[in-house]
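Shared between the two complexes below is subunit A, which has subunit B as its partner in the first and subunit C in the second.
The block that comes next holds the complex of A and B.
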């Protein structure tokens, strides 16, 4: 399997007001294969979005310091010039944002915005670019695309706008699509439609998708591989089947327990006790130890390394495999 | 759901495009004050353009047999101390006032908007430099600075326009900078970067159009202040030069005859009042119509 994107020990720190650096993403490594979908899961503030912005090179170098390597189709993105990165963005790597209501410019028509993206990367006449934009709108199943083409964003619902964003992202046939919480702002039925669309487009275009979400349900729907992040670190990585069958990090177990199910009636939703640690004052040992029901002295003093528990399944937990705890 | 309805209609039928400017216009039309202002402004512009056709007399032709005559059928607004027809001078004065208002604000905008855009978008040292410069200019009262500049450049209507334009510039820098900083963090600007746009294109195509509504309001209100500024400079002899008519210089010559020829002061005063009121009413209406909260 050749990989489209390889991220190796990517770290991102921001300078605080007092000049102290806070590391928000800590040595994150992963790969995405051609046509694969990788889900990145974690709570708000765990560094998911920052990771995606760092990959796209969209973090402001004045405030964020990035280290590590990001290799996209054999190109070392971190060493490329800004103008070369601009040529790649929107062309071979595209991004879909969380807020469809605000990610389209209110001053331009939907069609003009897609045409702009196409003409930025393809030497097409206005007419050809428009035809291609219309095709993109059709591809994402927007009803009466000829009409919608001339509409301003405010006339479209959230779901429609997200379809437009997806059409724009796909207009230049990217090899990698980074979708940052693409369904979070939408209601549940629309969520299902958008996920369906993403899945279909992946199958049609062969683009790799990096799907950022806090929702394990979404991951189970569309992803093949999962990366679980906690407090800026990767804590577990596995294929979707493996992760749901035998999670090997207490945090992942907690996340799964927090998904409400229709079948079992509980008086309260399950939660993970405590809250995400302050990134400026991290626990000495395992970052999850203050909230972990299995934590012992070793967990609290020594940060666990990431290690493989079975082929293709890695976890950052001293106690793994967790089955041994239950038995 | 809307999808079903849209699907059943033939795809070729184009709906009227509901652009943001069209919606703002619809809202503006409902505001009486703003529409009154707009009508007065259009009328004043028409008057300024067609001054030669409408004016009953030559505005600079003196007549010693008709000095300081009260309004009559022959001279509707009366005559001044040199026997010139006040109505004709008011009509031609519209040219000086409106062109001073519009051209000086044009100058202010052409200088201020790019500087504000650069300051707001680039930030850092460039922003600090432009902003401190703006602060320094805003520290001087508007009219004092305009008078100083006009006196420095020499008395003429053209120089008065430049002086007013430069003095009004910091307002545009500050407004544009603030708006740009607010818009630059919007997701759609981030999205514009994510499709590979270079910074200049993001600034001009994605940020600037969203600053325009606020700019339009500011332009209208600044034209009103510029008209007053032109009148003040002409009153002081730093604007329109005699014998060419200007409302400000007419007021100046009228002040000596306030008791025995009040019409000489009333008409130019009223003209300034009405035109400034019209621009302010339109500006207020635009502010409400373009308010993003109303979208």
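The block that comes next holds the complex of A and C.
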């Protein structure tokens, strides 16, 4: 399986007010194969959005320092010039953001914003670009696209705007789409529609999707592989089936306990005790140890390495496999 | 859009009425009897009575107001008691001067202020930003009369490049006209540029941090397009507001600057009129100035609608 995107030991640090660097993404590595969907899951502040912005090269170099390699279709993005990156962005790699309400420019029509993306990357006449933009709007099932084309974003609902964002992202047939919490700001029914749309478009276009979310339910719906992040690190990675069947990191187990289910009525949802650690004062050992029910002296003093518990299933936990603990 | 404009125009009617009443009554609240002043040294009661009758000063105040309004409608703003000249004629002489000066000052202010504001927002935290902020501070804190005198000293006295004073109509001699008004226009524009720069910078910084700018960058757009087409477009509102206000201030006359450069503009006209209790002239000038403000406000409103599609409901 050839991979569209390979991220190797990607780290991102930001300079604080006092000049001290805080590492918010710590040596994150993963691959996404052609036409595959990788979900990246974690609480807010775990570094998943920063990871996606770093891949796109959208972090402000004045405040963020990035290291590691990002290889997209064989191109080492971190070594490419800004102008080459600009050529790739919106063309072969595209991004969908969390906030459809604010991610579209309020001063330009929906159509103009899509046409702009197309004309940036394709030498098309205005008329052809408009035809293509209309096609993209149709592709994301926007009703009466000819009318919507001339509308300003404020006339559209959140779900419609997110469809427009997706149409824009897909307008140049990208090989990789990074979707950063694309459904978080939307109503539940709209969420399902948008996820459905993403799945359909992946099947139609063969683009690889990197789906960032805090919702394991979304992952189960659309993804094939999952990466669980905690406090800037990857703590577990597996295929969706494996992860839901046999999670091997206590944090993942905790996240699953936090999903409400219709079938089993619990008096109260399971929660993970404590809160996300301060990235400027991380625990000495395992970053999850202060919140982990299984943590012992070793966990609190030594950071666990990534270990493979079975083929294609890795975890960053001293206690894995966890079955031994339950037994 | 047209409905919105019609509504704005209708709203002007009560505004104009109120403004005219205020202008008219303020004059009558001031102490001093204009008839006595005009009558001269002797204060002959017969002459005073005649003046009162001629200027309707013996009529009830409501009638006086109506006479005045009626005059305004036919372009008759009365006559200057001091200069014995129709006020509309005086204004017609001074307004083009002030208009030229104000327009040039505004162009200078917009080019420098908006240009520097955008630059400093894009280059935030760099030497460019620091330089632009320093310039803004200079512009805001430099008194016009001081800058005017310094410029005359440097460019007229020392270098001899520009005339120190006076005004030449552009229809007479364009290059001479520009030469004569570039210094006062710069002095006036300089202080406005500082304020405009600060506001532009603030609005641009906010726009550049917005999600839609991130989207524009994610589309692979070139930075100039991101800045001008996406960020700038949304930062226009404060620039329009401030621009219209400052332009209005300029059009009501720049007293000090006109004095320094001996420019026969609005500022001098109104100061002379006030000092000599030339009531009718003050009324006429203030009326024209108010009209200018009202028109500029209307233009600003139209500007908002053009810049912000959300207002085109």
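Convention: the second predicted complex is superposed on the first by the 327 of 327 C-alpha atoms of A that agree within 3 Å, B and C clash if a C-alpha of one lies under 4 Å from a C-alpha of the other, contacts with A are read in each partner's own complex, and residues count from 1 in each chain.
One rule holds in what follows: a contact is a pair of C-beta atoms (placed from the backbone, for glycine too) under 8 Å apart; a residue touches a chain by one contact, two chains touch by 3 or more.
These numbers come from a predicted model, not from an experiment.
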Superpose on subunit A as described above, then tell me if subunit B and subunit C fit or clash.
clash
So in the superposed three-chain picture, is A:288 touching just subunit B, just subunit C, both, or none of them (first/second/both/neither)?
neither
Let me test your reading of the model: by the given contact rule, A:30 touches which partner, first (subunit B), second (subunit C), both or neither?
neither
Which partner chains sit in contact with A:72 here, subunit B, subunit C, both or neither? Use first/second/both/neither.
neither
Touch check for A:251: first (subunit B), second (subunit C), both, or neither?
neither
So, does A:157 touch the first partner subunit B, the second partner subunit C, both, or neither?
first
With the two complexes superposed on chain A, say which partner A:318 touches: subunit B (first), subunit C (second), both, or neither.
neither
Given the touch rule stated above, what does A:97 touch, subunit B (first), subunit C (second), both, or neither?
both
After superposition on the shared chain, which partner residues are touched by A:89: those of subunit B (first), subunit C (second), both, or neither?
both
Partner touching more residues of subunit A, subunit B vs subunit C, is chain B
So, does A:143 touch the first partner subunit B, the second partner subunit C, both, or neither?
first
Out of 24-32, 60-68 or 132-140, where does subunit C run into subunit B after the fit?
132-140
Same subunit A residues contacting subunit B and subunit C, which ones?
56, 58, 62, 86-91, 94-95, 97, 99, 102-109, 116-117, 120-121, 152, 154, 165, 168
Touching subunit B in the complex: which residues of subunit A?
56, 58, 62, 83, 85-91, 94-95, 97-99, 102-109, 116-117, 120-121, 143-148, 150-152, 154-155, 157, 165, 168
Footprint of subunit A on subunit C - complex, ascending
125, 210-212, 214-222, 229-230, 233-234, 307-310
Per the touch rule above, subunit A residues touching subunit C in the complex are 56, 58, 62, 86-91, 94-95, 97, 99, 102-109, 116-117, 120-121, 152, 154, 165, 168
Considering only the defined contacts, which subunit B positions touch subunit A in the complex?
2-3, 6-7, 9, 11-15, 17-20, 124, 186-188, 190-198, 205-206, 209-210, 212, 295
